[in-house]
């Protein structure tokens, strides 16, 4: 029996997720995930090669919270601003526990001086499940970045 | 009792709005708003600071129409082309009169010579209501631009 | 009697379409179209002028397949990577056979060295129909690019 997670519910989840990051509500960010989860930032090359290592890796809400703390302490997030635009998901699988989906994104970066550029593009490789309260949660979000040049990528949540 | 404005209806409204601007149907643009409305272009800094002043301000369909007339007379809109891509809304409130939503956007600019760049990013802070005919209208659209450098921003509708 | 093609179904079609191209599954790309179809890449100037000529033209799945073969032989697609983000459709017509819609898109290009830029923007002018199996197919997709500088545009599917 397949779950009844709707396409619209996935879109709402992603819209809320993007808003949370871009409105600098990072402390709420871990709550988009299941308690045990897989969050990883990686590149297309790594992802296709099946390498386990990503540039950022977390397997629990707690690790995600630690990451937010580290970002706050480093003040990294304040030096520039980001804007995520998340496209619509391509459903790649569905079972009785949840949905798999690939979802494209673009991230604009706005520098202190005001200049805007296209900072990153890629896709989320997600597994979405429903918790006891009926809320959608990310059991997995692998952030597959199109670019391999990664200096600053790791500094922000995707 | 909350309104029954659907998520899909908001998306359709935004898709029509973007198409209206990018297809240069500016004369239709005011009809997306309620007769009395709040339309403002501002920046994140201004918006967070609660400043009332925006770079563009209108509180009625009529003021929006005047703005279109001014743009037509200045011929500003013809020198380059713009493409709006509007993301999906994050619903931030809902009551018996309408819906509040934050919606991210990117605007590409295409110069006469053909070069395309990322012109602007930001979010719409909207209040959407339903008129007597059952049509969705913007009672408020505050255009919060991520960048503070604003020379040319004001020349086009967002 | 108008078709019952839903707004959501159009979004799913576009999400699958973008994923197909960006995941380099080009051989599946023709299957998004009806057997006889109209696929064309053109520019705003050409499209408004009503010129028949586009930079790329195909009127059947078979011609689209030939195009994929040519792209594979030229290895063009491997030198850089692209990311399509497709916005939401503006429905412009609906009859008993299908739906007309204009849909904006942005395409990011990721160069070998890792640099990302905004490669192209534009809109799809689509006619979508339903086949005997109940699947949505593109009877027409005219890719109207905003920019007139077109050197490399033609090398990839849009």
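By letter and in written order, the chains are A, B and C; residue numbering begins at 1 in each of them.
Criterion: contacts are C-beta pairs under 8 Å (C-beta built on N, C-alpha and C of every residue); 3 or more make two chains touch, one makes a residue touch a chain.
Predicted, not measured: the structure shown is a model, and the values here were computed from it.
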Practice item. Note the rotational component of the Cα superposition from chain A to chain C, reported as an angle of 0 to 180 degrees in steps of 5. Key: 120
Check your understanding: Taking shared residue numbers divided by all residue numbers at the interface, is the value for chain B and chain C over half (same) or under half (different)?
Key -> different
**Study point:** Where chain B and chain C are represented by their mean Cα positions, the distance between them in whole Å
**Key:** 27
Exercise for review: Give the residues of chain C that touch two or more other chains, as numbers and ranges in rising order.
Suggested key: 8, 85, 106, 118
Practice item. Sort out for me which residues of chain B touch chain A in the complex. Key: 7-8, 44, 85, 87-91, 102-106, 118-123, 146-150
Study note, to complete from the structure: In the complex, the residues of chain C that touch chain A are 8, 11-12, 14-16, 18-19, 22-23, 81, 83-86, 106, 108, 110, 113-118
